[in-house]
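The structures considered in this document are given below.
Look for subunit A in each of the two complexes below; its partner is subunit B in the first and subunit C in the second.
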Partner chain A sequence: MVDEKELRDVVKKTISRDDVKYVVGYEKGTYGFQATPCFAYKPEDAEKFIFSPLCVHNLTVFPMLEEKPPLRKGEEPDTRKIGVVVKGCDSRAIVQILQEKGLERDKVVIIGIPCSGVIDPKKIEAKFPGHIKKVEVNDEDDKFAVTVDGKTQKIPKDELMPEKCKTCEYPNPVLYDILIGKEIKSKKKEDYKKVNAFEKKSMKEKWDYWEKQFEKCIRCYACRNACPLCYCKECMVDQLNPQWVRRSVNLSENTAWNLLRAFHLAGRCIGCEQCERACPMGIPLMKLNKKIEKEIKEMFEYEAGISAEEKPLLAMFKPDDPEEFIL
Partner chain B sequence: MKDFEPNIIGFLCNWCSYAGADLAGTSRMKYPPNIKSIRVMCSGRVDPIFILEALKKGADGVLVAGCHPGDCHYQSGNYKTNRRIKLLKKFLEEMAVNPNRVRFEYVSASEGAKFATIVTEFVDELKKMGPNPLKDVKV
Partner chain C sequence: MDKMILLKDDLSKFITELLKKNKVFAPIQSDDTILFDQITRPSEMNLDFCKSEIPPKNLLFHQTETLFKFTPGTKAKIESVDVDEKKVIFGIRPCDAKSIAILDHAFKGDYEDPYFLSRRDNTALVGLSCNKPEINCFCTSFDDSPASSKYVDILLTDIGDKYYVEMNNEKGKQLTEGMSNLFKHAKESDAKKKKEVEKKAVDMISRHQKTNGIVEKLDKIFENPFWKEVAFKCVGCGTCTYLCPTCHCFDIQDESTLTKGARVRVWDTCMNPEYTLQASGYNPRPARTNRVKNRIYHKYNYYPKNFDVIACVGCGRCIDLCPVNIDIIDVVTRAGEVKA
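What follows is the complex of A and B.
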């Protein structure tokens, strides 16, 4: 469990620095099982900050989402840093962005929190439907202690954790300026069990499955906006000339969008599951991302979001890349 | 399905493969007319989005041809395409599209005969596979 006092002190210290514009963290949501992103511009704002298993969001989207309007005459560009509170998986997103040179290292202050797993909002919502009052959730070794209406229930972590946490190999931030609490050890390993199981299905079964999933898609692009790595200035679905994906919502265009989205994240997706969390229609988008992740690991022995110095996967090559045929 | 004629889009690199295809033509080699060639400056120019777009619009197969390893006019374009296409094929498999509909080959400017055999082979293979299922996806 993270010491929230330590977190608030660190945030207060960070925001008091002259070269920091704001710090993004989590605060208690307005109702139910919610934590919402919270911005601290003044040292007093730090009092709102929390960290609990309900803090599922990947806050690294915020430095990337920030709009930079054209400067007025005589105006100086704002070169101050942005502070971000990150968990293990979120820190990998930052590393990946740094690797692609989407951000400069000295433009962010990374406040790292070792995380032993969060709660999937959809799963807890299904267990305690329609809760409007605020609730307490605490992390207790292998259980979550959920306090609803004054009664505390202990629920095994496996029942509430999202898939990513069950196989998380990086509970500690890969990159940070300030670490809160102690690093934790994890023995979990990604074994791609689900990917392997899906691979064994026949072509027909696979297509029937995806047809059903993509028919649901309403193309709200929430998956894109929640993704810390979807930060192109102009997304290819918004392009009109050439228009890769037409505006109409039908199976053919939905399939095209979901395929292109997943492939654009090839070698970049760090598996924070934000796309799936944001999807209002419950499409298992991570299935696509995981498949690509597995193939990359097998073919090119590469993992996204580990080292900021390495070159991006698809921008480099090795002479011993696998070949299908001999020349 | 006997008289099914597959539609192939070929992305040919300007420096090697397009010249190779040219050579096949000027030396009057025989190969099926199913391929529609698009000249690109380098096989590295071929974004996977092009291939997916071609398949979506109903192409039965996509051929990407570039220079032999080490021969790329831009040093390393073909190596990068190799990576991308390999990944795309694995991904298409997951999406229930036969990955053999996409093909990446090395064809140099002097290999007119190789180009002709590749196209002939590819057409035969696609004829066995039948039309692209994505073509029939209802709109």
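What follows is the complex of A and C.
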């Protein structure tokens, strides 16, 4: 359990620095089990900061979403740092972006929090449907203590965690400037059980499955916008000349979009599951990402977002790289 | 307005009758999602739901719509597209039905939209009262009710072993012509039961938005830093607008190959920077904050000024599915409290 007072003190200290523009963290959401990103611009703002298993968002998306609107005459660009609160998985996104030189190390202050698993909002809302006003969720070893309207229930973590947390190998931030609380030991291992099971299906079964999924896509691009690694200046689907993907929403274009996104994240996806969480249509996007992650791990012994000094997968070459897939 | 009774056991007979002369669209469950789609048998629909993932506006205002087809080149031929056959949307919720009445203003405005309007004329709305509103439902904030019959042709309300049926207009009566054996006149006790069911549903709605004086208030706080505070966390996806039953912006594009082409209309979203990007490269809404503000202003200021109705029905979809909990109940209520 994270000491929220310690978190607030750290945020206060960070935002008090002259070279920090703002700190992004979490605050309580507006209803039920929601937590929501929040920003501290001045020391008092730190008071609303929280950290609980409901803090599911990967906030590293915010430095990447920084907009640079045209400056007025005489106005200087604000080049101060951004403070970001990160969990283990979130920190890997920063590492990956640093590796790709999408961000400079001295432009972020990383406030790390060890995390032993968050709660999938869909799962907990299904368990406690309806009109919930006051909730509190605490982390208690292998259980979540969920208090709803004054009654506390202890629920095994496996029942409420998203898939990524069940096999998380990096509960501690891999890179941070300040660490809150103590590092966690974890024996969890990514075994790709679901990918392996899916691989066994016939080609037709797999295609039918994905057709059904992609048919649901409404191309709102929530997957892209919630993803910290989708930070292209202009996304391929937005380009008009040439237009790579048509605006028509149909199976063909939807498939093009979802597959091109999966491939553009090959060797870059750090598995934070934000795309799947944000998808309003419930498309299991992590199934695609995990499959690619597994292949890359097996073929190139590479894992995204572990070391900022390493070169990105697609920017390095080893003479003994396997090449059976080249026709 | 005729008040009738339809026994639950007769519901499938009613649907079967409707299917004889109309295409029927009803809520269908697939995996975890409920969507309105065409049914061929009554057993395909699922009425145990609160709201469909995508509002049924997409049956009248398609996400992708071919306006006409053409053959490119000097000898271009233009081919028009058939307008829909008679259609019934069965099980539409009162909030979603209201949204269609709101959309009428936009599509009947300065320019009549023949695609939407002809489809609208050919579509009958058979509503189903909402007996189990969910956490983010707030239709009562607009003086509406989850069992309002105002915007549908026929409204069914589940009152236990039967449906209380309100035939709202001529369209509703025509739709049920020749089915008099299925409907019986309602008794006083049935009407009372409906009132009870309605009250129970209204009482379940726990969240409320304060909209008193919001139109005038928004005029005064356009430049207020409040907007940055509520909108800075927006990640800029289009979920809120695509899933909004009253959002109706679109883009028009020609999509062609060497031999054939089509002019298509697709949903667009004001959350997309490209939406306001001008050919010169100038963008009047350069930041996400500007865009979130526009979404609120369009619904709570521009639309009421133009058409005298707030363009929000309180379905709560944008709240349910926003990945960062931008909550329109909270935003509008707080906007009302901002010091101008």
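Note that the second predicted complex is superposed on the first by the 322 of 327 C-alpha atoms of A that agree within 3 Å, B and C clash if a C-alpha of one lies under 4 Å from a C-alpha of the other, contacts with A are read in each partner's own complex, and residues count from 1 in each chain.
Heads up, the rule we're going with is that a residue touches a chain if its C-beta (ideal position, glycine included) is under 8 Å from a C-beta of that chain, and two chains touch if they have at least 3 such contacts.
Small disclaimer: the values here were computed from a predicted structure and weren't measured.
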{"item": "First (subunit B), second (subunit C), both or neither touched by A:F300", "value": "first"}
{"item": "First (subunit B), second (subunit C), both or neither touched by A:N250", "value": "both"}
{"item": "Touching partner for A:F317 - first (subunit B), second (subunit C), both, neither", "value": "first"}
{"item": "Partner chain in contact with A:I155 - subunit B first, subunit C second, else both or neither", "value": "neither"}
{"item": "Subunit B versus subunit C as contact partner of A:A278, first or second or both or neither", "value": "second"}
{"item": "Which of subunit B and subunit C A:W210 touches, first, second, both or neither", "value": "first"}
{"item": "Touched partner set for A:A222, first subunit B, second subunit C, both or neither", "value": "second"}
{"item": "Contacts of A:M236 with subunit B and subunit C, given as first, second, both or neither", "value": "first"}
{"item": "First, second, both or neither for A:P37, with subunit B first and subunit C second", "value": "second"}
{"item": "Interface residues of subunit A shared between complexes with subunit B and subunit C", "value": "248, 250"}
{"item": "Sites on subunit A touched by subunit C in the complex", "value": "29-32, 34-39, 57, 61-62, 65, 67, 69-70, 129-133, 212, 216, 218-222, 224-226, 238, 246-250, 274, 277-278, 280-282"}
{"item": "Interface residues, subunit A side, partner subunit B - complex", "value": "198-199, 203-204, 206-207, 210, 236, 244, 248, 250-252, 255-256, 259-260, 262-263, 266-267, 288, 291-292, 295-296, 299-300, 313-317, 319, 321-324, 327"}
{"item": "Contact set on subunit B toward subunit A in their complex", "value": "48-49, 52-53, 56, 68-69, 76, 79-80, 82-84, 86-88, 90-91, 93-96, 98, 106, 133-134, 137-139"}
{"item": "Contact set on subunit C toward subunit A in their complex", "value": "30-33, 53-54, 63-64, 134-136, 204, 206-207, 232-233, 235-239, 241-243, 251, 253, 255, 264, 266-267, 269, 272, 274, 286-288, 319, 321, 323-325, 327, 329-330"}
